[in-house]
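Below you'll find the structures, each written out as structure tokens.
In the two complexes that follow, chain A is the common piece, with chain B as its partner first and chain C second.
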Partner chain A sequence: MSTNVVPGGQKAANTPSNNVALVFGAAFALRLGLLNLPAFPSILADQVEISTPITSFKRLSEGVFLFRNGVPPYDGGVFHQAPLLLGLFYLIINSPPLVNALYILVDLAIGYMLLQITAIKERDSTSEKKIMQYGDKTEESGMSGLTVASLYLFNPFTIVSCIGKSTILFSNMAVVAGIWMGMKRNKGLAMFSIALATYLSFYPAMLMIPVVLMLTRGDIGKQQQKRISVQCGALFLACLISLFLLSFVLVDSWSFFSGVYGTILAVTDLTPNLGLLWYFFIEMFDHFRSFFLIVFQLHVFIFAVPVSIKLWKYPLFVSFILCAIMGTFKGYPSIGDAALYLGLLPLSSEIFKYMRYTFLVVNLFLYSSLLAPIFWYLWVYVGSGNANFFYAIGLVYGIGEIILMIDTTFAICRRDFEILSPPETSGDPASLGWDREVVQK
Partner chain B sequence: MGLLSRLSKAKRRQMFGHFVLYTMPILSYAMVAVSFLWLLALPHRSYSKVTYISENALQPGAANVQFDWNDFVVAEAYRQTVNIISELPPLERAEALRREFAQVGLKSATQNYTLHTSTVTRHGVNTYAIFYAPRSDGTEALILSAPWKSRNPKFTANTNGVAMLLALAKVFKRGSHFSKDIIFVISDGDTEGLQAWLKAYHGNEERTKTRFEETLHIRSGAIQAALNLDFAGTGDYNVLGIFFEGVNGQLPNLDMINTVVEIARGKAPVEITLHDDIMPYTESMPRNYTNSLNKMFYMMKYQAAGTPTGNHGVYLKYKIDAITLYGFDKPGWPSPRYNLFRLGAVVESTVRSLNNLLEHLHQSFFFYLLSGVRRYTSIGLYMPPIIILGVSFILQALSLWGISSDLPLELKVLSEAKATAIVLPYSRRSRNLRVATTVVNLSFITGYGTFYLLTTNLGFPGETPLIKLIASVGICSTLVFSAVSTAHIRHRVLKERQIKANSADKTPEKNIAELIPAADWIILKTFILALSALFVTTLSALNFSLAVFIGTTIVLPYKFFRPCSKRFLSAVQAAVLVMISPPGLLFATAWWFSKDVGLILSWAIEGYEVLGTWLLPTLCCIYWPINLAAIVMVLLPVS
Partner chain C sequence: MRPISGQMLLSTGVLLCIASSLSTIADASQQALHVKETVPILKAPEAFHEQLVLKPLNDGGAYSHFQFTTHIGTMMDEEHFDGAASNLFSHYNLFPRSIGQILHSFEVEELHLTFTQGRWQYSDWGYPLAPSVGTGVELWAWLNNNRLQAEGNWRGLTNTLSGLFCASLNFIDDTISIEPKLSFRNEGLYNVHSSKLSPSNTTSTTPRKLRYGSLPHENVCTENLTPWIKLLPCKSKSGIASLLKSHKLFDTRFYSMAIHVRPVCEDDKCKVKSLELVQTITTVFDVARQDGSYDWSLSSLFEREITQACPLASTSNIIVHLPQTTQFDKQYELTPMLPEGRYTIGSDENKQEIAVYDLKKAYSGDTSSSSEPFKLSMQWESSRPKSVQPISPGIVAHRYFTGYGQERGGLSIEIYNNDSQDVEAVLLDTLPWYLKLYLHTFTVHLNDQLLENYRDIVKKMYYQQAVDRARPAVLELALNLPSHSKIKFSISFDKVFLKYTEHPPDANRGFDIGYAVITVPLARQKGQIGYGSVDHLRIYQGRDASLVQSRRLSTQQQEGNDDDNETDKVRIYTETLLLSLPTPDFSMPYNVITLTCTVIALFFGSMFNLMTRNFEVVGSDKTKGKDKEKKDE
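Now for the complex of A and B:
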């Protein structure tokens, strides 16, 4: 039955392979069907919640067009995506079926990698000490790999982001691949993937830390850990520099640095999006701009170290929370970012029972994803609303994301506490531990 | 001692939690009452405000009107001409009108269009002419339009309206004070004619299998505002009505209405009212609460339907503020009669006012409810009740969500020979979402299926919308029936298995019992309430009136209904839910207005296909699925 063999040679998750085929087949068919609807993909591609200045497929096509006609693609301030994407799409953009196939396959690949990550995690957790619960039961095991994969593949955010051909998908794939390789203890590929993700959208650089944590997890000596970390740093830099060099060879100028990373860091393209920054920088006087720019960008990165120190035992969770922070506070967030961290969240499914605001978070996500296009319509098409309407929904969405982060962090800390001091399930009533909830809250 | 005090603390916490969970529904019903009363208070005199001109550039009535007695005579002559023209077939009629405009000295042209919907095919010809203002640079324009067909069913043609357009063309031609070009449009058909013209004007003309719209050959600049004239027949009128509700409940800037009202009260006195069949405005009138309520209800009815009340509604789709002026004769009403002379003054003065605009109308309100021509309630004042209604849904959903995972595991602690039950943390019963998600997903799929069925021409003989609707009702009832019977069978099987299991192992020492998840209907009802809240609140941002009508219809049934152990009561609830389902509402409307069911259905489908109104998709794809899920919910097993 379960003869799925991962490249490492181990057996995959013990899910019946026909179920896997069913889920992936359904995901494939759904995407293929939606991509071939007449107007749907182009409507989605125009939604600001899906396509941002740095992930829009339309802008990518424009860049390819300029490149093909010998105009430097980064002149003119329309195109802000990495040169290697340009190179990739230069080859295939004339054939829509190929482009569609690429998007579908990349999305399915992310699903497949999530399946594999869950399998590795399950293997890891068999060696862990189990949490005992009341009634002398052990903690139920988390979600199966197939559930995790289908939660990613059938998440509406993932689907519309894929159908809208947002290029965030490629960065997402690099991130998930980095995590997978990290879990497999494959230093070279892990660092290459993270470097690729960094190269594509810059912020994933901070995922270096959790991935190094994954590579050094388990019983390895201090010396060994240090050696691996240094090696990883070197590998990461080497990969990144070679990617830059390749790009230089491709576009024959260094202008892509300011065109891509300059735009990401300086938030120069103020096309509205779901994020929190565009409105600020439209309203702000120019002499405050650099100060707030530094504050906001530092704010994204500042969590990476403390979170990793506090939760070093849970590198998968750290990578989830860092992705969520990126997806909330970066300059050009889209729902493609949400698709990534919502896909990573079920990897820590054992914390779900400790979460308290699930209903609230789900509702906030639902309301913002319905109201954002409505208020955009009222603002841009009908003209009866204004920018404040849309930005207000961006704020609601941000609140939803922040509550999700707070809630999950609480849940993992609470679970950590349960592991540290498991409740007594027999013996003297006074030491039963039932009152810990009272003490805790 | 410490143990005991901590025990009682835990107990108290638990009781507080229960108190909150179980009082929330009561609070939510109170909110429904508040919301209803608040909605009723909206038209009240002390709640609404008097309108005012917000855009200073408008200066209504400040310009000297040039429409004089000579022009009136010209207008009457044109009336004769139009009367003769109206005997001609459409193509020649349009050509004759074009020639009339050309004789005035304007550039004029005609536009053909064809439109196929899934049920009908329509052809038509629009005529239009452009007066290029001598002092303008041609970047801005105003529109004066008249549909060939009047909304007044007693007359075949909009004779006075078209004659007025021609006469005004002549008046404007000799004026030199216009800063905007003026476009005259005489549109064919209902609203599809003007829509074809507007699409072509903005360069969006389609040449597909379903639509053909001819390209426009003469053009002007960006259209700032439009005035649509509907003066049927050749007689005089005693009341001037204003129609303003557009596609999907969009409204023009309130200053448009204010300008006309101001002019009709001062410069060119005319009795003025909102819409057509209710009492015209007098100073003392708004004191009368039922009258205001009536007027507001009328407006909300038109807004909720989403089909424009006249050609002005199509302009709104293009961000052009527009209203329709409608002349009608109300027998027995004491107001003085007016003819083309007075009407010319009103229209010219309004156009001169709009001509003053320095930028697009943006000052006044875009979201308002009118309870009289001079009284409005703005968005900040009318949104709270619908938000409260939404919150009342959410509160009950939240309470049910809490209840579905309460009954925590309890550990019997023996202290001083007295057993006390203690709640254990994080050991609540789990929720079983499978049935609820399946039902909700299936009902949404059926809803979309119905919508697809209604709007596609399948091409079988004798195909009418009504037959398709009946087919989809059949599918829906099969779905409901199978879902409910599956749930009942499953429930019975589970119960038997449980009884067997209980008799098999009776271990008294087992102090922690296995917990059964909450009944499926509780989860399903949570979903229904949460979705209804989402639906009503988001809809209220788009079309407040539709949200109010839907919200007030569903709030009590959805909140109050739940499966009963008495089969009869469940059946009654299901019957009520069927009554408020779209087919039920369709039959009710048909009965109320004593119209044909098929006619109303085709009206809704045509609205969607021709103008893109959202009534049909909203009802099929959102309202009906929730309703279906609710019907399944009341029929599920109780426990």
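Now for the complex of A and C:
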């Protein structure tokens, strides 16, 4: 799985950096080539699996157009993206090469940050060697940074999301930057990034907790931890409020609150996506709508605290699982959300060997990725299928995501258990190592 | 007691009216002026005119236009007038009380309600005499907004009219009501509710609100016609209205009926003002469908006959547009042909010969002749009126959807200007919220060539974004249409996925999308027939032509553009469209709720399990002990 990893092998120093240049160069060229194909980017941008009402580039263009022509962009049902995004694209949208370059660079930046995060994590884990060893076996070291970055950069989900110009990319960048800065113990930038991600797509507010866990990890006193946590909370709020104020200055109205966050939370736009909620709310009886809306939105957030408490030792994994929960249960999930958590997953590559359903999950993802566009076409264009077809694929995809989350959580719990109670070195070979039989109690 | 007194009141009213119409019908305005000196506050010179215009169409059809005009007059003595129009509606003789009360209680200044079935064929039939021919129901009103109650009043108005006309007007709610900025200007000339101000500056001071709504899907039938007829002073008992037989009227290619209420001036200086109620019915009969013959008569068209003029009517005319034959005159025969009733109106190429039949004169006093029905018939010598001049309307517009699939699409509006000069026009398009318009995809083609910069064509653009489940999108363009050109506007949209309860019962039929309206000022020469405006009645009556002129002048002064006072604003209605939206499976609610909740519960349960329980090695002491305990229990 990790061919680039040469543990202990200190070969020529410029080989890894050459590899980095190669990977990033290839990723850049691939994206540039695809973005310049005729019609291909616009076909991708029109796919409901890629562009949702809150991340569609078409709607962003409309918002910018309206803003430019003096029509209040949030006074309508089309544009639901953050005002600063509007401001950014206001400057560059007339130059397609610039827009393409921005998307490519942001995607590459995420890859680079994943590389850096892996490096920091490796440094951490070498200082805690005891985790690396248990029983009579030595745990293999995780994937190298370059593998993690390549897994992100060459993930088809990432590529189509980038080519389709989904603006979820900017939110993803903010999330990964927050994690990176958290790992680097840079309070200010970490909190700013998380605030930015929250500002762009609201749900990443949950990531406050794992990032604070990162900032307070290691051997620091309880008092220190408390102090940092309080500081982080204050910083986060300050950043968020200043972003809101800046937005207010830009669009000169508070209507963006209902336009952006109202739409995210109330799930008013029922355009199909890979999530579970659109069809649910199309079919829901009106008088139960608000009840289920509240329950489902709470359901996204309730896992933040228990997961962080249970797995406080693994803030990277907590970030992954929270991103996966967001990407599964939010109102408008897209391929871009999957790209984020699938990019974060290899950061916890040491748990892979404890996973039980990898084959099933991979198949579910493949199955839904292939069938979703086909069933969509059958329903919307050919008319030989109906809404249930696409909904069914959404369910399969959702089940895939859920099994992935459950399986990875199981794996990390299992690994945690192995570390806490390593198997005895002698005895039945069947009960040795990670394949010994355990039971949950 | 009550019904008796009501009846008495009515009968006295009728008596009064007949007396007044007999004595002083010669010049109503002069009479009103005269009264002003004697009665200081209020006098209502009510008057009722009835008229039927018949016109053979080029494709062999017969076009009939009924117009019934009722005036409830008031003389606004500016010092004594109390500001509210309550006195105006304190007593009803001819004016229908139901309309008067609606106008009064909802503070309506102008009201225009049209029911239409079928589509007006501009290229075959030319422009209609009726102002509105948009398929379905169209309602627009100027509301007094003094107390900022226009929204509530509009809701009340739609609901009351809904009850009055047995139509679904109550569905014109906020989600489809709009307030056009350039189209649908007020047609009345002064403001009844603020007559303390002099007529010249009334518009600037009174807050007024225009509300407009249309229901393209509404079907029009007998149940709408019956209440409409009830508004007439003579009902359908006598006069021209006795021709209104629903059985024949709805068996036509096009049917439109309307009421228009607006304040008008009765004299040049606008000292005497009145409220005008115009009721129109416009139909296009397919004459040749029955037996292949293009001949028609009143009795063959309507299966009814006129045996007398409405006794309450001041004027009662039937006007026939004589076909403009290109060759010798004698291709048709109109009987009876009265030599004194034949006029030529218009001039040059717009010349139109008309025959006028005055029913008042025909049935005046003579009791013996009143039993004789009025007979009118048109007979063609050849079987087909081939040699009539072709019609070439100056502006024609079409609208259609482009694209395929149920995800997105495009909307195109084509406007042809066949005139030899540039035309200033206003385009109004209202699209319901379930079309998500992308204004950045708006393009303009001039003669099939894409324009990069369309500033020369689109002078002004007003755009209101749609809000989901709250209000429609409005696109209003002030245009300059070059001569002999074809302009095409295109815009793309996404189709919205609706909740299953928001679909109509016949969901797969699709949604009707209302017409776009193009308001065009058509240059008119003096005396020419005013199309698309109820004012043409006055022109037929000859003596009122100057009055119309003066009104128009004063309107334009109010609007601030008195440069082209020789124009009529004609509204051209495009096709209504059918939009098919993606439908969910309507039988699925329980399945979807169950399946989705199961998937979510699967995650919640498993996660809860993982969060709350710890691992233990199978076969370890702890687990064995626990197993034992369980067995013991």
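Convention: the second predicted complex is superposed on the first by the 402 of 441 C-alpha atoms of A that agree within 3 Å, B and C clash if a C-alpha of one lies under 4 Å from a C-alpha of the other, contacts with A are read in each partner's own complex, and residues count from 1 in each chain.
Basically, a residue touches a chain if its C-beta (ideal position, glycine included) is under 8 Å from a C-beta of that chain, and two chains touch if they have at least 3 such contacts.
Owing to the predicted nature of the structure, the values given are computational and were not obtained by experimental measurement.
Novice: For A:Glu62, select first, second, both or neither according to whether it touches chain B, chain C, the two together, or no partner.
Specialist: second
Novice: More residues of chain A are touched by which partner: chain B or chain C?
Specialist: C
Novice: Does chain B (first) or chain C (second) touch A:Phe417, or do both, or does neither?
Specialist: A:Phe417 contacts chain C only, not chain B.
Novice: Look at A:Phe352 in the shared chain and tell me whether it touches chain B only, chain C only, both, or neither; answer first, second, both or neither.
Specialist: neither
Novice: After superposition on the shared chain, which partner residues are touched by A:Phe329: those of chain B (first), chain C (second), both, or neither?
Specialist: In the superposition, A:Phe329 contacts chain C only.
Novice: If you stack the two complexes on chain A, which partner ends up touching A:Tyr90: first (chain B), second (chain C), both, or neither?
Specialist: A:Tyr90 sits against neither chain B nor chain C.
Novice: Just checking: does A:Ile374 make contact with chain B only, chain C only, both, or neither of them? Give me first, second, both or neither.
Specialist: first
Novice: A:Phe248 in the overlay: touching chain B, chain C, both, or neither? Say first, second, both or neither.
Specialist: Touch partners of A:Phe248: none, neither chain B nor chain C.
Novice: For chain A, which residues belong to both interfaces, chain B and chain C?
Specialist: In the superposed arrangement, which is not itself an observed complex, chain A uses residues 381, 383, 436-438, 440 for both chain B and chain C.
Novice: Flag every residue of chain A that touches chain C in the complex, lowest number first.
Specialist: So the residues of chain A touching chain C come out as 46, 48, 58, 61-62, 64-66, 69, 71, 75-78, 268-272, 276-286, 296, 299, 303, 306-307, 310, 328-329, 379-381, 383, 386-388, 391, 395, 398-399, 402, 405-406, 409-410, 413-414, 417, 421, 423, 431, 436-441.
Novice: Would you mind writing out the residues of chain A in touch with chain B in their complex?
Specialist: Touch list, chain A to chain B: 133-135, 353-354, 359, 363, 366-367, 370-371, 374-375, 377-378, 381-384, 418, 429-430, 432, 434-438, 440.
Novice: Applying the document's contact rule, which stretches of chain B touch chain A when the two form their complex?
Specialist: Result: residues 2-3, 6-7, 9-10, 13, 250-251, 316, 319, 366-367, 394, 397-398, 401, 409, 411, 413-415, 422-427, 512, 530, 534, 537-538, 541-542 of chain B touch chain A.
Novice: Which residues of chain C touch chain A once you look at their complex with the stated criterion?
Specialist: 404-408, 433, 436-440, 463, 465-469, 473, 494, 496-501, 582-585, 588-589, 592-593, 595-596, 599-600, 602-604, 606-607, 609-611, 613-619, 622-623, 626
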